[in-house]
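In the two assemblies presented below, chain A is common to both, partnered first by chain B and then by chain C.
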Partner chain A sequence: MATLICPHCGMANRAGSNFCNNCGAHLRAEEPPLPPDVESAGEAHAAPEAHHPGGHDAPAADEADASAEWLAEQPWLRTGNEDDAQEHEEHDAKSSLPYPGSGRLVTGVQGLLPPLNLSSDGVTASPLAPAPSPFTGNDADAVQRLMGRTPTPAAAGMPAIPDTGAASARKALRLPWLFWLLGLVLLLPLLFRISGPVGAPRAWPGVTAAYLTVEDVARNSTVLAYWAYDPAVAGELDQVALPIMRHLINREAQIAVVSTVPGGPATARRVTAAAFYGNEPRSEGVNFSAERLQIADRMLLQNVYLPGGAAALPLVGQDIMAAVGGADNLSAPERVLPAEKPALVVLFAAQAEDVQSWLELVQPQFHADVAVIAATGAGADPMLRPYLDSGQLNGLVSGFDGGYAYADLLNRSRLPDEVQRLRTRLVTQNWGQIALLGVILLSNLAVLLGGRRES
Partner chain B sequence: MNRLAFARGLSLIVILACFVLITLDRAAVFGTSLRPTTTLLYSWTILLGAFVLTLGAVNVVWVHLRHVQAGRTGWLDSLALLVIFCITLVTGLVAPNGMMSPPMEWLFDNVIAPGQAALFAVTFFFLAAAAYRYLRFDRPGGGWLLIGALLMLISQLPAAAPVLPAEVVATTVWLLETPAMAALRGVLLGAALAAIFVGLRTIVGRG
Partner chain C sequence: MEAFLTPELAATAGLWVGLIISLMLFSLLLGDNRPARLGQYLLVGAGLAYAVALAWRSVLLPRLFLPLREEPGDWQLWLPLLLGALLLLAGIERVVRQGSPAGPWRVLHTLGALPLALITGVAMSVGVIGAWQGTLWPQFSRAVVTGFPWTSPPAALINGVLMLLITSGVLVHLRSRPGFLAQQPPLLRGLLRGWAWIGARGLWLAAGVLFARLLLSRLTLTIAELEFLIARLQQTELGQWIGALWQQIVG
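On to the complex of A and B.
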């Protein structure tokens, strides 16, 4: 199995690759013509050594062996590029260009940036050496600092950069004790039932708009819920989804759920049951009884998983019956999903990409008739704010803060055990955030005391 | 024409045909007459997705079966994966209600959900390690990054909400809604343009 070593970072890539799998640098301009005997996939086991210009990077060779072994196990993953003469002809034409990738329409990392070549001055060009770097002297130093690390002198001819102590200082980071300390700080309020500080989450813009959008939906209307999260992030997202589902149930909405994650429908059932019964999913270690889940099944018009990810979504906007496999609900045959457009769409998604996919692929097919609100994780919030400001989203409820503020708007008096759970959560959140603040302060203190070795 | 070139040509024709059909349908050039065809294409996407999922499961089983057979490093983990896979598969197939049968619900509540949540919880430690390494004032631009991160952290701290001056919160909201949002819109636009170029490259067979 022939491999191609990235001149930028030293990563072993499969022969025929255009870009480095590790750093995204352009590989084709530096790729030497491969001898036909090395190209043959059948010789993978006979010549497992990586094709390495420098010949001094043993880990890269190991990776190449592992890669060869992996492909030998799964021959169907081969691309066939290895024996494609046309690719080599193209490479020969491109290799004469003055700058790596300059002959292409789209070059560099993700097609957005030209590749950085961090070699130093005075390097004699050889067939295996990288092209002359656009950065020289102090510029190269500045770029290296900007990248925050010392580049690997992987390519032949590239002089090794002397160790100035930065790398050894980085190795000296005492992260294990930091992890232990963080874990301890998070466990403290739980183990010793520390009751403070509590405070209250701040309501960010978009929550009230979401609440009013649900409030405007006529009773008994069909609401389509796109369920794009599973138990991995349920700890946060359940707190956002629960008050909204409660609100929808209060409004007697007819809820149909479609999901593009395998664990989505099961999570939707649990949140629906919790919203109906007023408890929390997985709270106090109590699982859901079969009866409760069956009631949740009957409450939902549909609850289906769509394989295919975002590619399957346009069908939901175009023909929801075709998407959910007909209107039959096995749990409640008397309940039929109407073929017309829903009155409201609620996007329960942990990642901004899922909301963006819906807004770009499905929502245009509903035109402006159907309101849409998003319930997302706090991490997705900044990416989705532009959609809220432009009016593509009618409301945005994100993170634990958003869920808390939405529950407040529901004017629902909280039960004593719910108040207690909420209090514990707030206390833990405070301790976690204070711990993170402490880590940042410690890090900067270390820089002050250590003479800025990390620059 | 060799086999690879033929396959590439064929897939290029299929991609082009789908592109033209869906574009014409979205533009309503022929009214709704193309709608049944595009609906069929999208339905095939779902079928293809299901097939790919099955293929992925078969691939995982195959790879780990080979690991166990060869006794490679970590073969015991591979064996555990195969055993759990078999238990889940058989339970789902044999139980009368399939995915909604009590054993499957038990597996979901007690194995899948806590396992996934535990793995995701590790993110906090990655975050802390990243903050320790990179949120430093001596890095180029690190001071600005540090100020922004501290402002966001403090303004989102529930305990700080009652005592935090309104100006700090207003500054945070301004940072989020003005410079950060301008940058994010730039990123969104750039990503959209990149997606168009990648799509075009795929369509013309240069992807």
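On to the complex of A and C.
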């Protein structure tokens, strides 16, 4: 019931989709109405655990209930036989393809963020479908109600209720409004240039250590930068990378950039140019000329794309010249990367996995001779804290607040325009956080009150 | 061409294209629609095309074809070329055969599995060894060596006890299936249940911290995008006209 089969290619798509994920055909225009008996049969198949026909012995039923209750408390463990129904649906979706292997040619392209799935009940996994929802059973019911969606019978444990016009109207009401309101909260300080009160961003442990590690690097030393982010997440990561690149340039470091992301080298030279000229890469506008980028090229010892992903990384640790050999710095061929180990490694990465890959595959070959610091997105921070505590990372700068704190340590005199922009950004960040906290608190309150009313 | 495509013109064109595609993607808030899909396809297509161009310019040409022209007898260069060609042919076979049953050309598909198996095998072995030497062993050593002697300061002592309690609680929670608990003596069952309760709260706390930081990350990304669009729009004549109008309205 919760999947839409494409009439053109037979691909199973997520409920609510208007276009097929496989062939792009319009799903709504040719969607045939399902007869009621087919619908109810589908629900019986999708939620066998929701119906308890009398007839099976009580201990077995109790055991099943206890197990289901236990699983409802630990949804992250639902990977085994408990998910048979979902696996069957996935199998059905695959078998509905016209021939084996005729699925999507390209999936999981880096840079595209999968949407949050609020309920996995009855939703068939498609190539673009996000991971199973952490909400199951009553939780899923409550979340669906909160977001204005009609709970699926499987989630609510009740017989199917035909979808009415009122339910459909409610469906499209709340979640988009929530996003629009959040967008408005973010736009207000940006449009009106509200710059106070700001407070101070929290300097998480690791920022000062990262600063001191860079400060300890001798002048003219070689610094290896592993660039694992591209323009898709540059909005956040540039704010972290920029002060560190400025610091490296101040220390007259010889910077070599290696990237496993296609867009990495271009992002690296844009940030290098901005760091050199003291501007922000995304606010340069038309003044961000080709000449400036060429100067950035000349400042970097190497700026190469290393194909092969994480599997190619061990080569960097074994023989860096072999790893980047052949792919010379085309703008400045006279600049050659020295064969000895670098004095410092800086990891610019949006995901914790990229930092982990480096620490697992390359750093053991450098032993403890080479210091390493990481500059990451805020989302990667909790995953990387253990590496900072264990001493595998010498410093960690993450997120907007980490970049802000690092820039403060640089003690560079800021222009009035830059101060105004940073203050406005900080205010916007604060407003956004307060709005999100409000949404979370109100949602919990709604679930709490809704639960009481129903009981 | 260069005279026509000046950096200024390219930057202005980039601004409008970026603005339009951003709006197309934001329109997903109104529901699934054609402009939003088109925006996604444009992004994926442009990203892939750029990756192909980059792979040719910085990998295939300087590291394979140019050396091969200089030294045609070097088998170490022919091997990657052969494996790459097999993979490419398998991909072409898949694209060409779409919608029709497998025929004799299916052999290309099978041969394409060879380089794929090589890539997967190398990646897996490298990954397993790396996970051991870079994460499992150092983290385990750190956990074992740290300890907390009884002479430690109170804060460190409390921290160590909490870490031990929550870590073991999580392990008990993950292990304590209903059947397992039912087999234990009543006293131990109560103890395990309480321990598992602490572990479950620890798990939820960790998930909450992860989610909060991820949310913060996406918030920063959204703000940067909005700020970028507003700043770039203000540089255009249209933006300045809207700004002047806005000033008159607001006073």
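Note that the second predicted complex is superposed on the first by the 265 of 455 C-alpha atoms of A that agree within 3 Å, B and C clash if a C-alpha of one lies under 4 Å from a C-alpha of the other, contacts with A are read in each partner's own complex, and residues count from 1 in each chain.
Criterion: a contact is a pair of C-beta atoms (placed from the backbone, for glycine too) under 8 Å apart; a residue touches a chain by one contact, two chains touch by 3 or more.
No experiment lies behind these values; they were computed from the predicted model shown.
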Partner chain(s) touched by A:Ser443 [first = chain B, second = chain C, both, neither]: first
Which of chain B and chain C A:Pro382 touches, first, second, both or neither: both
Which superposed partner A:Asn411 touches (first chain B, second chain C, both, neither): neither
Which superposed partner A:Gln429 touches (first chain B, second chain C, both, neither): both
Partner chain(s) touched by A:Leu361 [first = chain B, second = chain C, both, neither]: second
First, second, both or neither for A:Arg202, with chain B first and chain C second: first
Partner chain in contact with A:Leu315 - chain B first, chain C second, else both or neither: first
Which superposed partner A:Asp297 touches (first chain B, second chain C, both, neither): first
Chain B and chain C footprints on chain A, overlapping residues: 73-74, 105-106, 110-112, 179, 183, 186, 233-235, 263, 282, 288, 290, 307, 309, 311, 314, 378, 382-383, 386, 389, 429, 432-433, 436
Touch list for chain A against partner chain B, complex: 73-74, 80, 84, 105-106, 110-112, 145-146, 148, 170, 173, 175, 178-179, 182-183, 186, 196-202, 205, 230-235, 263, 266, 282, 287-288, 290, 293, 297, 306-309, 311-312, 314-315, 318-319, 322-323, 378, 382-383, 385-386, 389, 401, 426, 429-430, 432-437, 439-440, 442-444, 447, 452, 454-455
Footprint of chain A on chain B - complex, ascending: 4, 35, 38-39, 42-43, 45-46, 48-50, 52-53, 59, 62-63, 66, 99-100, 102, 105-106, 108-110, 112-114, 116-117, 119-121, 124-125, 127-129, 131-140, 146, 149-150, 153-162, 169, 173, 176-177, 180-181, 184-185, 188, 190, 194, 197-198, 201
Of all residues in chain C, those that touch chain A in their complex: 7-8, 11-12, 29-34, 37, 40, 43-44, 47-48, 50-51, 54-55, 58-59, 62-63, 66-67, 94-95, 98-102, 109, 119, 122-123, 126-127, 130-131, 133-135, 138-139, 141-142, 173-174, 177-179, 200, 206-207, 209-210, 213-228, 230-232, 235
In the complex, chain A residues that touch chain C: 16-19, 24, 63, 66-67, 70, 73-74, 77, 98-99, 101-102, 105-106, 109-112, 134, 172, 176, 179-180, 183, 186-187, 190-191, 233-236, 238-239, 262-263, 265, 282-283, 285-286, 288-290, 304-305, 307, 309-311, 313-314, 325-328, 356-357, 359-361, 363-364, 377-383, 386, 389-392, 399-400, 421, 425, 428-429, 432-433, 436
